[in-house]
Every structure is written in structure tokens, then in C-alpha cells.
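One structure is given here, and the rest of the page talks about it.
So that you can tell them apart, the chains are marked A, B and C in the order they are listed, and the count of residues begins at 1 in each.
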Amino acid sequence: MRKSIFGLLLILSMVAIACGGGLEGEEVLMFGAPATDGPDGKAIQASFDAFEEETGIIVTYVGSENFESEVQAQMEAGNPPDIALWPQPGAVRDAAERGFLIPMADLDVDMDAYRTNFSSYLVGLGEVDGVAYGGAHAVNLKSIVWYQPAEFEKRGYAIPATWDEMIALADQILAEGMTPFCFGMYSNGATGWLATDWMEDIMLRTGEGTASYDQWVNHDIPFNDPIVKNAATLLSQIMHTDGYVVGGTDAIVSTFFGNAQDPMFERDANGNPGCFMHRQASFIPGFWPEEAKEGLGTETTSFPFPAIESGLPPAALGAGDMWGVFNDRDATKAVVEYMLSPDYFTAIATNVNDAGSTRISAHTGFDTSLYWSPVVQAQAAVLSDALAANSFRFDGSDNMPPAVGAGSFWVEMTELAVNGPSYIDTALDNIENSWP
Amino acid sequence: MNLDNQKWYDKPVTKIILITISLTWMIPYIGFVLSSFRDEQAVKRYAWWNSISSGTILDELTLQNYSEILFAENLSRSFFNSFAVTIPSTIIPITIAAFAAYAFAFIDFRGKDIAFLFVVAMMIVPLQMSLIPLLKLMKSGAILFGIPLIPELNINGTFVAVWFAHTGFGLPLATFLLRDFMMSLPRSVIESAKMDGASHLTTFFRLALPLSIAGIAAFATFQFLWVYNDFLVANVFLGINPRNMVITSHVAQLTVGNYGEAWHLRTSGAVISMIVPLIVFFSLQRFFIKGLIGGAVKG
Amino acid sequence: MENNLKNRLFSTGIRIIAFALFPLIWFMTQAILFRELSKTADRWLLITLAILVGSSFIFILYLGMNKLISYAPNQYQEALFGAMFVGPAIFLLSLFLFYPAIRTIYLSFFDNRGENFIGFENYRWSITDPSMLITIRNQIFWLVGVVLLVILFGLVVAYLSDRLKRGEAFFKSIIFMPMAISAVGSSAMYKFIYEYRPPPLTQIGLINGLRVSRGFADDGSKCGNNTFTDNGEKIGYTSDGCEVPVGWLQQRDLQNFPLFENLDPGNTFLNLLSNLPLNTILLMIIMVWMFTGFAMVVFSAAIKAIPEEIVEAGRIDGASEGRIFLSVVMPYIRSTIIVVATYLTISVLKAFDIVFVTTRGDFESNLLAVKMLDEYFKFLNQGRSAAVAVIIFICVIPIILLNVFRNKAENTI
């Protein structure tokens, strides 16, 4: 009796294996950093849902805060997703060098079309020895400061075009008893990246602009070079001037970057917002409270990060993600083809499911008038101009070795925030010494 | 009983101390469970104790969070995956351990002492020691001096990898405890069964197993809760593919996940994850405590 | 004679089959069966089969071996049954624990990719690298703090609750309940208590919420956690003089608190105190909360086992309660305390979930078990990761050995 039950179950299992395939549509798993239930995750999923309706291929997007280490674990364990979406091009190249990724040419990708449709700068970021592994996906703009025009107008504040004007404005706000900046850099396991973004934006606008920026990222100039020190000093001015940031200097490292801007949407007893300016990338509206999201472009919008040294052409700092593919199944190939077409971004740009994603397509042929918010349209224009003028630079810390870009640079910037301006030299020396 | 003999511990002060302690222990649950039933905006805008004192709490109560987390967020899937991981991960090591324990207790064979010493020695190996190579083993098999002992398996990311991992980690302790338990059974009963011509397998199933049911239940309860609550092993061997993700990984993702500080989902998700352990705990408390005390030496 | 040799060979063969071949076949079959199933079967079928077949498949192994042994000559059957019953356990332990552990030790002497032998370099790193030193410091904090506090609370609660006339079971259940739920769930609860949000947002974390609603602002108005007065006015906490909220899990020391600002360098005590790692202590509280119930249950059982007459005799002699506790109760439960301490020590050395889901090791709150995975998956350094694992192992060995030997000694008595 007992044996016949075993037998039955075993036969059932065999049957399940034999006839399971082919009944449903093929499944493809994509794994990335934006949270599954966050705006970007939802928007990406919406785009794949449209794809599923057309082709029957079921693509599932999964995001995780610990994406970087989890995808490493999966690669090591031999169960990687079909497609991974990396926020750092350096990590894509690393995975490619270790032999985990399939070259794009082996995925039936028309490489000539790819190189025409995407900017050569972005294409180059995904290449190892001239072979393309990482496909450009989406970009975002980091050189912006968020503010509320109505609050500025009410008080007669002008949008600062230069660093000095920004400082003057901050002093004025402070003198009127309010707080100029929102600033929060806590990020679980990655605390410090916000300050590195500030450093990069300042570096692009000081010294020799993009030229010295590139030297710095490639370690052609030491990390404690006077240009870098100057940048750190300027950043420290924001972080450590009494009363400049919400909650005081101590709060910078405690405030989660995602709700750092929330004080701007609150009003105190006198009707004043908690802060007036917040320098953060174009993706931050995804983190705003629901009411604030509705005011994107009207109540809350952005101005370009001010120029610092005169005579330098404007430059744009940005970041983005890049996908890498782990297998050459036909379903995966079809998904890759879809992601390289302008159609892929339609659902994301038009905000079909009200996800509120503000990602910008890396595809140069994408119709920017489709973006659901004028703010995103404007940012897309800035990005494409900068890419065309070669003044776009990718987040430098993502292109430094992980020990620095995701290690000492983050840690020392956090230390700098905590310890104050006297720590600048130590911080830069420590980073310099940690460069492998 | 004379009045002089009234003990200090009968005085109200003892009760006050105890009540204070138990209230302190309850605080984490109160706000957390309450917030799992409050609507999203309320959780974000008003502190839960302020809602209680202002009386608005009744208007805030909702089951919305639970339907969202279970269906939209698919926690229900992770919930059933947890059973597919936990039940085999409990039964497999207990079965293997029970057979081994029987042999250690009632069969005389060569190498018995060395074999038992090996089992005890494995108890001191902490999980961390074997985690990564085991992960590699489940992927590409094992090669010893160039001889492929185990061929390429590629089972990471499927339930079976986690069963094996938990089998490995639970086996030494299970064997040790069950051997102790079987040693305490009356040897004469087993001997007489053998006299009657029963085979070892029959004796095992008919006598040893039923008699050790208390010991087995203790370890089973312990192992069940251990596996169900485990995050590390599940996270390393299963990963985050939502098809196979277990409930602890899901809750951990919600807790770490930063989008919009979604406390209404974090609370409801975590509360759902606690239901099963609490049911097991309240219905099998006696066995659990036994297993726990035995588990004191789990390596 | 020749027949004898044949028999011996035969039984050796069966022994090998029982020890290795059968378990191997079982292992491979189950692995491949479920690997293929999870590729093709739909979800409900997979879960059902996982629970039914996954659990029962193991019995086939033993039934099959039993069949095989029944063909063996009678005089070897007893020994073969021994092999059959023990074989799979030994095989799986070798495969799942012994081989991987040896491999970890081996890898700890190699570089990040496991390719070049570098001697003790990884161990040198693990006791000189600043982040490792912090991790080790935290681990010691946890070991001392958690073990002592849990034992202390456990003893107090067990001793007091034992004297309750009513409600002992209910009371104990409350303290013991955290032991049943996952560390991930517990950490989520405490993260909610420690929650920090930037001003002027409502503080929904208990500690910050209570903190900011205390006292009065400099202008005499009341501070409040964005509550409302009867006539609808909002009471905030951003006015000067109100307490500011604190990101508790980001405070690696106490230097941001008024008592420790502008410290007199001569005041050694306060200076030392100001370096207490606050976030580590707050995370330790989670573990204390979880494990006190365990200590309580074990101590309670031990205390109940003390003969009532002995305690009564002490009382009649007029000994004070404290004296009775120390000289009568303590000797009885000393060995129990050692068991509890052992269990806690091992649990702390392997503590992973709490730090992983709260701070992820940021702000100097890391622990060895988290560091080990970080080194492997974040910094891609197999060698260092293996070295950290070996350090955990080395710390665990003496504790377990102590316990096993003590157990043995007690059993022989």
C-alpha cells in the first residue's frame, strides 16, 4: 500500500515534468535595483505587461535594495536572473569580464542600429575590449536642484545661477528664520552616495571642468589634489554652516535620502516650508508623498545646479542603468529586442499606471514629447543636449573601483558630514590611500 | 501561617515588577500590530499613540493593508513557498537522524564509535563555515583530487537546495538528541522484538519510532520554527526570485526596502509572517521548549 | 575459506553501497527531480509535490537498502543493518558539512579569487583592518552584553514568576513569545520603534515621538508631535528649545547628546562613556528581548527542581532572601546557567538577521556573520570571507567542547 502511494506520487512528478513545458508562455526574469513596488519598478513592469499582451512572453521585474550583493550571490550560485539591470556600468563590465554575460552581438542584436540609436558615450560604458555586453537602458539627470516656485515668488527669491548666488540666497533664508536646504544621505548599506554626487557636480564646475573630472575619476590626479579639496570645502560649506540644513548637521547622516525632501512639502505654524532647496537626481519624485507627486512640474520643479567657476561650459552629471543578459534563450532575445526599441519606453514615459517614474530613455530616437510631465521633458532635453555636446558625465563613483566608489568614498564622505570641515584633509587622504 | 512569615515576594511589589516587565515586553507588538490595521496616510501622518489618545484611531482602522500585501504584493505566494521549504526541511533530517540514532543505540557494528564521534564533531561546525562551499556544491558539484564526486547540479534557486542545506545543518543535532532519547528506551523491549524474529526495519517502524515520538516531536517543533524563521539560508540558496521566495525573505525585503517608507505594508507583512510560528508555539509549547533546550548546543 | 572471503567481499560491497552509493543516488535523484519540476511544473503542483514527495522520498532510500541487505548472508546482516541505518547520515554530513568546512579553511589561505596561496594574509587583515577591528569590538560588546543581560533578566523573571499564585503561565508566555517569531520580524518591530524622520514630519517612531513632544519651546509654547489643540491648532516641535529627533540607529557614540558635549578632557569616565556605541546597544536590545524568554523557561525549570525543604530550611534559619538566592538557589542552577550562556554565546556569534535588516552594518554596527557575507558578495573576496568564517568557527569550538564534556561528565554521574 505504502509503496503504491510512493509510486503514484513519483509518476505524478514525472508527468508534471514531461508535460509542464510549453503550456504557459515563456517566463523571463529581470532583476534590478529599483524596488519592485516603487515607481520605477512598477513602470518597468507596466512596459513588460504591454509586451506580454503582444507576444505572450511573461516578463517579471524584481527589484531589491540589496541588488548589488544579491546579484553577485546569484551569479556565484549559478541561478542568475535572465536579465539584470545594473545601476553601475562598472559592475556590468566586471560581470562580463568574469564570463557571466552574453555579448550583445550573440543575442541577434543589430549592432549598427544599436550604435546609432544610443549615444556613443553610453554604449562605450557597456563595452569590454570593444565587445558590447551592457545595453543602455535609462538615464537620469543629477545636476538639478528641486524647489517650489510659488514659495520663491512669494518671498521674492530669484533662482540662483551661480554658487555665490545660491549661498547668498541661503544666507537670506537663514536670516529670515527659515532653513535653506534639505539634505539627507542615509541609505541602507550605501550611506554616503549623496555626498559623492555633490562632489561630482562641484568637480564638473570647478578646475578644468569635464577634463579635470575625468582625470579625477580615472585617478590621473590624486584624490587629495587641490581641485578635489576645493570641491570638498564647498560641499562642507553647505553641510556644516549652522542652520543651512534641515535638522542640523547631525541629521544629515540620519535622514534617509528618500524622505529628505519631505520637509519641503510641510508647512510650519507660520506657513513656511521646512526647506527651500534640495539637490537630488531626477528620480527623486518617485519617493515623494502622494500629494507632492501630483504637484510635479507645478508646485515643485527644478532648476539647474548653479555654475561655480566662470568660463566653464555647462556640464550635466547623470547616471542610469544598464542591462546585462545571462542566457540566449529565444524568449530572452525577444525581450532584448524589445528593450532596444523606442516602444519599450512608451509605457514608462506616458505613466500608464500612474507609477510616477521619471526615468528618461537612453534611446536617442525616443519621442520626448511623450513624457508625462513637462519636468521630465525638460530634463530629457538637457540630457540629450549634454550627450550631444559631450558634456554629459556619468556618476564618477560608479566608475571608480568598487573599493573606492562603493567603499571608502562613501564612508569618508559620511565621516566628513559627521566630523566637520576640519576632517576634509583626513577624508581625502584616506580615500587616496585606499585606491587599489 | 503567622503574619511575621509573610514573604516579601507576596507583597504587591513583586507583582508590580512583573507587570512592568511584561508590559515592556508587549510594547513592540502593540504599536506594530495596531499600525498594520491603520490606513496608509494615518500611519504616515499621526503617531499611533496620539491617534489613540485623540480617539481618531477607530476611523483609521482598515483591512486594506492586508489585502494589498497578500494579493497585490503577492505575500500569499511567499507564504505557501515557506511551507514547501519548511516541511521537507523538517522531515528529511529527522528521518535520517532517527535511523542513525536507532543504529547507534541498538545495533552493534564495526566503526560505531568513530561514526558517532564524527556526528558529534560536526556539531561544532557553525553554519557560516559551510555556507559558501555548499552553495558552490549545489551549483557545480564537488571535485576531489580531480575526480568528480558530484556532477554539476545547478539546483540553487530551487526548493531542493534549501532542503539539503537545512538537512546538513540540522542533522548532527537531530542525531545526537534522538540517540540520547533512544538510549533511554528500555533495551529489553527492542531485544525481545528481535528474539521474536522481527527485522531491524520492522522494529524501527513498529517500536523505536512510536516510543521516541516525544523526542521527535521536540526536535521537529524546534526545526520547523528554525527553518520557517530562517532568513540567511533561504536568502543565500533561494535568492529573491519571487517564484520561490519565502516569507522571511519577503518581509526582510519590505523592511529594508526604502520606497515611500511603506510602514503600512511592513507591519502587515510581518504580522502575517508571525501567525504560523505563534500557532505552533502556543499549541506545541511543551515540545518546543524541550527542543530548544536540546538545541542549546546546535552548531 | 574461499567462501568466507567471498562473503566478506560481498558484505564490503554492500557496505560501500549503503554508505555512499545509495545515498548518492537518492541525493542526485531528488536534486534533479525537483530541479526539473521547478522549471516546468506550475506553482501549486510544485508546492504540493514538494511537500508530499520532497518529504517522503527519503524513505525509498531505506526501503531499497533493506531489500538489498536481505540478499546478504545471515552472519553479516547485523553489521550491514548498522551501515544501512547510519550510512546516509554519515554520507550527508560529509557532503554538506565536512567537505564545505574543510574547503572554507583551505580558501582562507588564498586570495580574493581563490587562486593564489597567500598564507596568513587574510588573518593578518582580519585583525588589522579598521572595519574588522570595529566588527570584532561590536562582537565582543554583543557577547558580553547580550549574554549577561539575558541571563540577568531571565533569572529575575524566572525567580519572581515562580512565586506567582496565579497567571504564571500567561506571564511567561508573553516573555517567551518573541522566541517563536523570526529575527527579521522582531527587527522590523524595533525598527519601527527607532524610526527617525526629518523635522518637521510627524515622528511615528515611539522613542522620537515621545522625545519631541516633551517640554516647552523657548517662547513658552508647548512642543508636540504634530498633534492638534482643541481649537485645531497644530503643535509642532520645530521651535527653538524643543527636543530634536535623533536617528538612533545612526548614532555610533553618545557624543551628540548634551551630557557629552564640551567634555572636560580630564573626566576620564565621561569620556569613556561618550564612546559607547549607541546603535550597537540598541540592536543588542532586540536580541535581549528575543532571548530572555528562553533563559526564563530554562531557569524556571531548574528552580522548580530545587527541593522545597532546602529553601524552607534556609528561611527558618532566618537567612535573607538574597542570601537564600545566592547560597541555596545558585548552586543548584549553576550548570543551567552555563548551558544558557553557551547557547547564547553561539547564537550571538552567528547573529546575522538583526544587523542585516536594520543598519546593514553601516555606522560601525557590523557583526562577524554579516561581515563574512559582505566580504564575499559585496567586496568579492573569497579569502577574507573564508577567514572571517574560520574566526567564528574558532570562537565556537571551545564553547561547544566545554558543553559536550560537561554533559558527558554529568551523564556519568
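Convention: a residue touches a chain if its C-beta (ideal position, glycine included) is under 8 Å from a C-beta of that chain, and two chains touch if they have at least 3 such contacts.
Everything quoted here is computed from the prediction, not taken from an experiment.
Centrality by Cα centroid goes to chain C. Top-ranked chain pair, ordered by C-beta pairs in contact, is B-C. The mean-CA centres of subunit B and subunit C are about 12 angstrom from one another, to the nearest whole unit. Per-chain CA centroids place subunit A at a distance of 38 Å from subunit B. Look at where the CA atoms of subunit A average out and do the same for subunit C: the two points lie 35 Å apart.
Counting partner chains per residue, subunit A has residues 66, 70, 73, 76, 188, 259 touching two or more of them. For subunit C, the set of residues that touch two or more other chains comprises 33, 46, 56, 59, 63, 197, 360, 373, 376. Multi-chain contact residues, meaning those touching two or more other chains, occur in subunit B at positions 44, 154, 158, 236, 256, 261. On the side of subunit C, the complex with subunit A involves touching residues 33, 36-37, 39-42, 45-46, 49, 52-53, 56, 59-60, 63, 196-201, 233-234, 236, 238, 244-247, 250-251, 256, 359-363, 373-374, 376-380.
Taken in their complex, subunit B has these residues touching subunit A: 44, 73, 135-136, 138-140, 154, 156-158, 236-237, 239-242, 253, 256-262, 265. By the touch rule above, subunit A contacts subunit C in their complex via residues 3, 6, 9-10, 12-13, 16-17, 19-21, 23-24, 66, 68-70, 72-73, 76, 182, 184, 186, 188-189, 191, 246-248, 250-251, 253-255, 259-260, 262-263, 266, 268-269, 274, 402-403, 406-407, 414.
Contacts from subunit B toward subunit C in the complex involve residues 7-10, 14-15, 17-18, 21-22, 25-29, 31-32, 35, 43-50, 54, 77, 80-81, 83-85, 87-88, 91-92, 95-97, 99-100, 102-104, 107-110, 112, 115, 118-120, 122-134, 137, 142, 144, 150-151, 153-155, 158-160, 163-165, 167-169, 171-172, 175, 199-201, 204, 225, 228-232, 236, 243-244, 248, 251-252, 254-256, 261, 263, 266-267, 270, 273-274, 277-278, 280-282, 285, 288-289, 292-293, 295-299.
For subunit A in complex with subunit B, the touching residues are 29, 31, 35-39, 60, 62, 64-66, 70, 73-74, 76-79, 81, 187-188, 256, 258-259, 286-287, 289.
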